[in-house]
Structures are given as C-alpha cells and as structure tokens.
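Heads up, there are several structures right after this.
Both complexes shown next keep subunit A, but they swap its partner, so subunit B is in the first and subunit C is in the second.
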Partner chain A sequence: MSIVYRRYLPILITFICGIIMIIQYFLVPPNPTEPYQTSLNKIGTDLTNWTNLIGAFTAGFGLVNILLLHGKHITRRTPGQWYFSVWLLIMMFLMVIIGIGGEPAIGINVTGFWYDWMQVYVFGACSGAMYASIAFYITSATIRSFRARTLQATALLVIGFLTLMSRTPALQVYPWIVDTADWINSFLVKSSFRGITIGAALGAILLGIRTLMGMETGYFGRRD
Partner chain B sequence: MAKKSLIEWIESPPREVLYTLLLIILSIPLIKPLGLPIPVSARTIEFHHYIETLPDGAYVMVSLGYGVSSQPAFEPFVVATFHDLFKRNVKVVVETTGSDGPIVYKSAIAKANPDSYGKKYGEDYVFLGYVPGGETAMKALAEDIHAAVPADYYGTPIEQIPMLKNIHGATDFTLVICFTSAGDTAVGWIRQWVTSYNVPYLSCVLTMMMPTIEPYYPVQVKALVGADRGGEMEFLVGHPGPGLKKADSFSLSHMVLMAIIIVANIAYFSLKAQKKEV
Partner chain C sequence: MIVEGRNLDLVVLILTWGLALWAIDKIKKGWIPQFRRLAGLDALEEAVGRAAEMGRPVHFTSGLNSLSGTWAPLTMAGLAVFGELARLCARYGVPVIYSVYGTLVMPIATELYKQAYVAEGKAEEARPEEAIRYLSGSQFAYAAAVQGIAEREKPAANIMVGPFYAESLIFAETFYRIGSMQIAGTARAYQIPFFAIICDYVLIGEECYAAGAYLTKDPAQTGSIFVQDLGKLFALIVGLLGVLLYSAGSKIIIDFLKW
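Right, the complex of A and B next:
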C-alpha cells in the first residue's frame, strides 16, 4: 500500500477533524448566532455522532477479536486454558443471541426477560461477588501495611486511620473527626491532585499537538 | 517452619481468620440492624439541598455510569435521589454510559416507583438507554439530544415523547447528576456540560474515587458525595432502605478493622522491644 494511504491520509484526516473540534469547542458559544458558528457547530455535532457510531461499531470488532484469540486456544488445546475459552465463547454467543432478541429498540422484545435474567442473576451475581471480594483483600492489606515502621509509614498510618474514622458512620458524632478529615481533603488531597491534574492536562495538550502534527503515530496500529 | 508465638500471630494474623471475622461482622447488621448512630454528613445535606431548591419545571439529566458489579454500592443513593426528584415538579431524563446500565436503571426505578408520585413515563421522566461513546456521547447529548439519541430505550422516537419535544441540549437543563464508578465519566460531564454550558453538576462516586474528583469541588462540582452515603440520603428523603442497614455494617467493620490495626501495631512494637532485649 502506498505511503500516502498508510501514513499521510490518516494524518490529514486526524488534523482536519482535530482542528474542527478544537475550534468548535473553544470558539463556538453554547447558543450560536453567527452563520459560521452554526455551521461549525453542525460539523462538530456530526463528527461527535460519527465517533459514537464508530465506538458502537468497535464492539463488533471486539467480538471478532475474542473469537480469533480464544478460537486459537481451543484449536491448539492450550493446557489450562482451552476449556475456559470454550465456556467464554458459549456464553458470549448465548448473550449475543438473547441480547439481539431482547432489544426493544428493534421491535423484537420476545426474550427481554431472559436477557435481564442473565444479566441480573448470572453476570450481576458473578461481577458483584468479584467486586465484593476486594473488601477482604483490602482489609488484609490494610492491616499489614498500616504499621508504624518508618516515618513515612507512620504518616500513612495516621492519615489512613483518620480517613477510616471519618468514613465510619457511627464515629461521625465526633465533629473533630469529620473536621480533621475535611481539612486533609480540602488542603492536602485537593492541592496534590490539582497538581497532578494540571500536569496531566499539560501532557495531554502536548500529546494532542504532536498527534495533530503527525509526530505521534501510535494510533495507526501495527506497522506491516 | 517455626511455630508463631501469640504476639507474632496478633502482629500478622492469618488471612483465613481475618476473612472469616470480616464476613461475620459484615453479615450481622444486615441480618439484624444494630441501630448505631448515623449522623448525616454536610456533603449529603448539600447534595439533597441542591435538589430541594430546584425550580418548578426544571429539567434534570441523571447519568447512571455504573454497572451491575457496583450496583449494591450505588443503588441506595440512586433510589433515594429518584425519590427526592419525583417528590418535586421536575422532569427527569435518565441515560447510562455503561452497557449494563439499563439493568441498573430498571432495578432502581422499580424501587423508586414513580407511579406512586403520580409521575408518568414520557411526561415526567424518560429513559434514553445506553448511549455509547463515553465522553463523546456526553458531548453529543449536550449539543443535540435528538441527533445523539433518536429514540428512547423502548424504541419510541424522541419527537413523540412529550417532555422532550422542546428540549434541544445542555442549555435546556438546570442540573446534571452523575452516579459513576469511573473517573473518566465523572470528569467527562465537567468538561462537556459544566465548562462548555455552565450546567450545575452533582456527583456521586465510589468513595475511593473521591480524592480524584475533589479538585473540582465546589466550583465545577456543586456537591460531591461517596456512594457509601446512601443511608444518609435515604434518611433525608424519608425512605429508609438497604443503605441504612449497610451503614451499620460499615460502622461495625470499620471499628473492628481499626481495633485490629491498633492491636497489631502494639504487637509490632512489643516484638521489636523483645528483639532489642535479646
């Protein structure tokens, strides 16, 4: 494939779309009045909706990718893995079939009950259990890490302990606990995270400029 | 392997013992609530007060950005907020940014029971379903709801929904409330609805996420609460539910955890002192 198609065309599309979105975000007011503002707003809205459509379309790519990856495991009988892959594919296709059948927006709401049932009583129960199990790991990790071994560890212990106290509903009857935790949040946490956020934003601006200039090409994917 | 002494055992208790202890102390209040004191925090009052002062006929966008995995954490707060909104003469537009959002919506709305407040679907509240695209979806909704979501979750064209006929985008909304377990979602509403359209924004996030959203409070985020405050919100709106039961669980488990931390530190220092003596 020619370098024009592989490299320059994607950079050009990225540049044009990026510039339009930047101009629309920063220069068009919420209620556009001038014709150029209305036009820019329309183009920006269309581009945004395209992005959403492409985003929805990538779910299909994800499905193909999972099929290829786990299909390989099954055909090669990867030890300790292939039977999980079989189960994953069975469940994936089952949910796709039930999901399409249960989509009211396309007017065939015949199996909506089963889709909801699978989501709530299979997926919901499993993912809820996975998420809840974190509480046990965190408890164990907290007990082991909250130890006044060094000065830094003591600082972690004190702040962590105060935060734990402030998040305990029954201990909120003591105003000093809430006040101290609020002070930590309002001054220490807020200022630290503002620094991190501003630093990340500056990095994102630079990355954006590099991408628009065609200097950042990671989004092209794998090179042939 | 040498057998651990009692102090060593206390200093580093086995995982199995901790997990069993935690399971027991978390379960007791859920089976039989203990009625421990639950003072309402200033943050929850602030959240409730913002809804309380909404003008008649205000449009509120409610975004459910969590899935079934974090449903137990969020649902008490979401249901209490729905009660708070349906009590008033406001229009509620609900959408989700997670693919399993419709499930959590159906569960929450069934518990809030809008019919009991005389609210009708399509006239007082509407569900747009899952809007894919993350932050671009928020931007699309802000610019033109009709273009971004041509039909609601049940397939009814937006033009045929009475409460949405004259609604165009973010400029028509008085408030946006987001419940999310994802940092990008919480900040995305700030970038696309608050910064661009100046729509007041309330956020309810997982408690562990609060430090990351804290920099935006109270300027961009008018009220910021952790999802663990569901019991307080239930109390404020006068609909006690699972959130209040969970508050007892939180209290008891946190206090036991704090006691273990203190005892383990005492054991650590006594072990250290013993080693010095030797």
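Right, the complex of A and C next:
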C-alpha cells in the first residue's frame, strides 16, 4: 500500500479532526448561543459520533478474532483450554441470540426477562465475584509490602497501619489518631498525587501535540 | 470570543506547541539533551530475553483502553510500547500475547504487530490472530480472561501500560504468583501504588507518555520530552508562588489559574 495511504492520510485526518476539537473546546461554551458556536458544536458532536460508529464496526473484528482463536483451540483440542473455548462460544452465541433475536422472533419478552436475567444473575454475579476477589489480592499485597525491612518500608508500615486503624470503630475514641490519618491523606498523599497528575497532564498534552504534528509514531509503528 | 476561564489553557497550549517546535528544531541541528534513564523501558529487552530463555510467551495489555476521552493518550502510549515489544519478540522469536479490552485498538494493535514482524524480516512467522486477543468489553470479564491466560500459558514476562482501574491488582498479583517478570505503567494515580508494590519495574505517570519517544529515540519526539520537563518546572514555580502568595493573603495566582 502506498505510503500516502498508510501514513500521510491518517496524519492529515488526525490533524484536521484534532484541530476542530481544539477550536471547539476554546470557542464553544457549555450552552452555545452564537450561530458559529452551534455549528462548531455540531461538527464536534458529529466527529464524536463517527468515533462511536467506527467503534461499533470494530466490534465485528472482536467477534471474528474470538471465533478464529477459540475455533482453533476446539479443533486442535488444546489441553486445558478447548472445553473453556466451547463454553465461551456457547455463551457468546446465547447472548447474541437473546439480545438480537428478541421478542418478535420467539414471542416472549426476551429483553425484559431472559436478557435481564442473564445480565443480572449470570454476568452481574460473575463480575461481582471478580470484584470481591480484589479484597484477597489487597491482603496478600499488603502482607508483602508491610514489612519493616528498611527505613522507608517501616515508614510505609507505620503510616499504612495508622490510616487503616483510623477507620476502625475502636480507634474513634482517640481523635488524634483520626486527625493524624486525615492530615496525612489531605496533605502528604494529595500533594504527591497532584505532582503525578500535573506531570501526566503535561505528558498527555505533549503526546497530543506530537500526534497532531504527525511526529508520534507509536500507533503507526516506526518510520524505518 | 474565547470561553471564559479557558484563556490560560490557550496560552499554555500555544506556548507548549511553540516550545516543542523550537526544541525539535534544536535537536535536528545537533543539540543532544540529557534524559534520565527509564529503567522500566530499558528492561523490555531483558523481559523478552528472559522469555526466550524460558521458552514462554510475553504478555502485554493496555488496560481499559480507549481511543477517545481522557485516557486516549495513555492508550496510545501503551500502543507505542507494544510496537517496540512486538519488534523485540519478533527479533528473538518469542510469542507475544496482547490481551485487548474493547475492540477499537484491535486494528491498530494488529497492524503494529504485523509491521514489527515485517521490520524484522519475519513476516511469515507472524500470527496476529493468536497474538492479538480480544477478550471482552466488560471490565471483570476482561480481568478474568487475563487471569485465565496467565494461569494456563504462564508467560515469562508481563508488560502493562495504559489506563488501569480495579483490575490492576488482580493482574499484578496473578502474574506475580506465576513468577512473571513485570513492567507496569499507568497515569492513574490510585493504581500506581499497587504496581509499585508488586511489579519489578514501574513507569509513573508522565514516564508512560514519554515511552514512544524514549524507545524510538526519534529526535522529533525526544524534543518534546524536554518541553515536558520545562512545563513541570513552570508548574512547580507557579505552585510555590501560589502557596507563598496565598499564605500572604493574595489570590493573584488563583485568579491567574482561573483566567
């Protein structure tokens, strides 16, 4: 494919769309009143909708990718994997049929019952279980990190312990512990976080500028 | 004309853009700025080498990535790291697995992967359908799938660069348990402590955004890292002035920031 299509055309499209969005940010207030503001706002909304549309198209890539990968596992009977692949494909098609097939196809209120049932009692329950498992991961990570081996680790242990204990009902009778923990969170922790946030924001701005100028080659691969 | 409260944003953007162009021009004329080493990015080759010795794959993921919204730049930074990682994997003949959340980055990741193999002269060895794996568009389904890959395929190294949320700890702990070498980076401040505790190398905030420039060593890109440091210096000065003046009863810096 020509370098014009592979590199210069995407850079040009990125530049034009990026500049439009920047202009929109600086010239269009949250409630536009002037005609030029309304027009710019509409262009910005259209561009965002296009992104969503492209996103919807790429869902097809995801489906094909899953079919190819797990189809291979099933045909090759990959040890320890193929039966999971079978289950994945069954569940995927079941959700697709229930979601798309819908009410008119089988004469019951699918979206109101089966789809919701699958979402709430199967998918929701599994997601909730995964989320809850984080408690155990936090515990094991805490046990490893809260060991007084060095001066810094000891400081981490003391401050961590203080912050944890300050939230327990038993220590509410000692207001100085609660106040100390709040002070650590409000000043020391927040100021460190702000330092990281400012640095990250600057990095994001510069990455944006590099992208608009066609200098950021990360998403194109290298030039050579 | 300019929306109220966004004047300073515009001035900062124009200044940053101008300074970036100036720095890039200076670098093209032969000026070499000094940058500190980013151990996490230097360790990429070590991670791939370890995987080659152990005969196991390398795992990569860019978290709950998105190409629109606040975290799009971080996703792009992750893709830049993946491009370099794919190249190293192609060079050493190590399979790479990219666990994808959401489908929008899939075509880009696939293209980066193919380009990496072509660049290393191994186009026929590329297996994009096995390397780039779409898992789910739902956070915990994606997290469970990554855990499954970790437990079944036991990657020798795990590289995570992108926007991570609650799943960060699940990933870091799972890969720690199976003995993977881990390099992680994110700009989401609440997840950085988890990575710092568990992973071997951590990229903190801005270091992720500098990854593309740092890895490619492209002069046009490295110039902007210099401007990034200038920006931090400016923020530090404004912050210190703000604290001093506010303590003295003046709100001039606050008004300046709201301009």
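To be clear about the criterion, the second predicted complex is superposed on the first by the 187 of 224 C-alpha atoms of A that agree within 3 Å, B and C clash if a C-alpha of one lies under 4 Å from a C-alpha of the other, contacts with A are read in each partner's own complex, and residues count from 1 in each chain.
One rule holds for everything that comes next: contacts are C-beta pairs under 8 Å (C-beta built on N, C-alpha and C of every residue); 3 or more make two chains touch, one makes a residue touch a chain.
None of the values given here were measured: they were computed from a predicted structure.
Peer 1: Between subunit B (first) and subunit C (second), which, if any, makes contact with A:Arg147: first, second, both or neither?
Peer 2: first
Peer 1: A:Val120 in the overlay: touching subunit B, subunit C, both, or neither? Say first, second, both or neither.
Peer 2: In the superposition, A:Val120 contacts subunit B only.
Peer 1: Could you say whether A:Leu157 touches subunit B, subunit C, both of them, or neither, answering first, second, both or neither?
Peer 2: Touch partner of A:Leu157: subunit B, not subunit C.
Peer 1: Between subunit B (first) and subunit C (second), which, if any, makes contact with A:Gly55: first, second, both or neither?
Peer 2: both
Peer 1: Output check: A:Met215 vs subunit B and subunit C. Expected answer is one of first, second, both, neither. What do you get?
Peer 2: second
Peer 1: For A:Leu202 in the superposed arrangement: first (subunit B), second (subunit C), both or neither?
Peer 2: Only subunit C is touched by A:Leu202; subunit B is not.
Peer 1: Touch check for A:Tyr25: first (subunit B), second (subunit C), both, or neither?
Peer 2: both
Peer 1: State whether A:Phe193 touches subunit B only (first), subunit C only (second), both chains, or neither.
Peer 2: Once the two structures are laid over each other on A, A:Phe193 reaches both partners.
Peer 1: Quick one: is A:Pro169 in contact with subunit B, with subunit C, with both, or with neither? Answer first, second, both or neither.
Peer 2: First partner only.
Peer 1: Same subunit A residues contacting subunit B and subunit C, which ones?
Peer 2: Dual-contact residues (subunit A): 25, 48, 51, 55, 59, 123, 127, 130-131, 140, 144, 193, 197.
Peer 1: Going by the contact rule at the top, pick out the subunit A residues touching subunit B in the complex.
Peer 2: Going through subunit A, the ones touching subunit B are 25, 30-31, 41, 44-45, 48-49, 51-52, 55-56, 59, 104-107, 116, 119-120, 123-124, 127-128, 130-132, 135-136, 139-140, 142-144, 146-149, 157, 161, 164-165, 167-173, 178, 185, 189-190, 193-194, 197.
Peer 1: Which residues of subunit A touch subunit C in their complex?
Peer 2: 22, 25-29, 48, 51, 54-55, 58-59, 61-62, 65-66, 68-69, 72, 80-81, 84, 123, 126-127, 130-131, 133-134, 137-138, 140-141, 144-145, 193, 196-200, 202-211, 213, 215-219, 221-224
Peer 1: Under the touch definition given earlier, write down the residues of subunit C that touch subunit A in their complex.
Peer 2: Going through subunit C, the ones touching subunit A are 1-4, 6, 9-10, 12-13, 16-17, 20, 24, 67-68, 73-74, 76-77, 79-81, 83, 87, 100, 102-104, 106-108, 111-112, 115-116, 119, 129-130, 132-134, 137-141, 143-144, 148, 152, 166, 169-170, 172-173, 187, 189, 192, 194, 197-198, 204-213, 216, 218, 220-221, 224-225, 227-228, 231-232, 235.
Peer 1: Within their complex, state which residues of subunit B touch subunit A.
Peer 2: Listed in rising order, the residues of subunit B that touch subunit A are 12-13, 15, 18-19, 22-23, 26, 36-39, 41-42, 67-72, 100, 103, 106-107, 129, 131-134, 136-137, 139-140, 143-144, 147-148, 151, 153-155, 170-171, 196-198, 207, 210-212, 214-215, 217, 226, 228, 231-232, 247-248, 250-251, 253-255, 257-258, 260-261, 264-265, 268-269.
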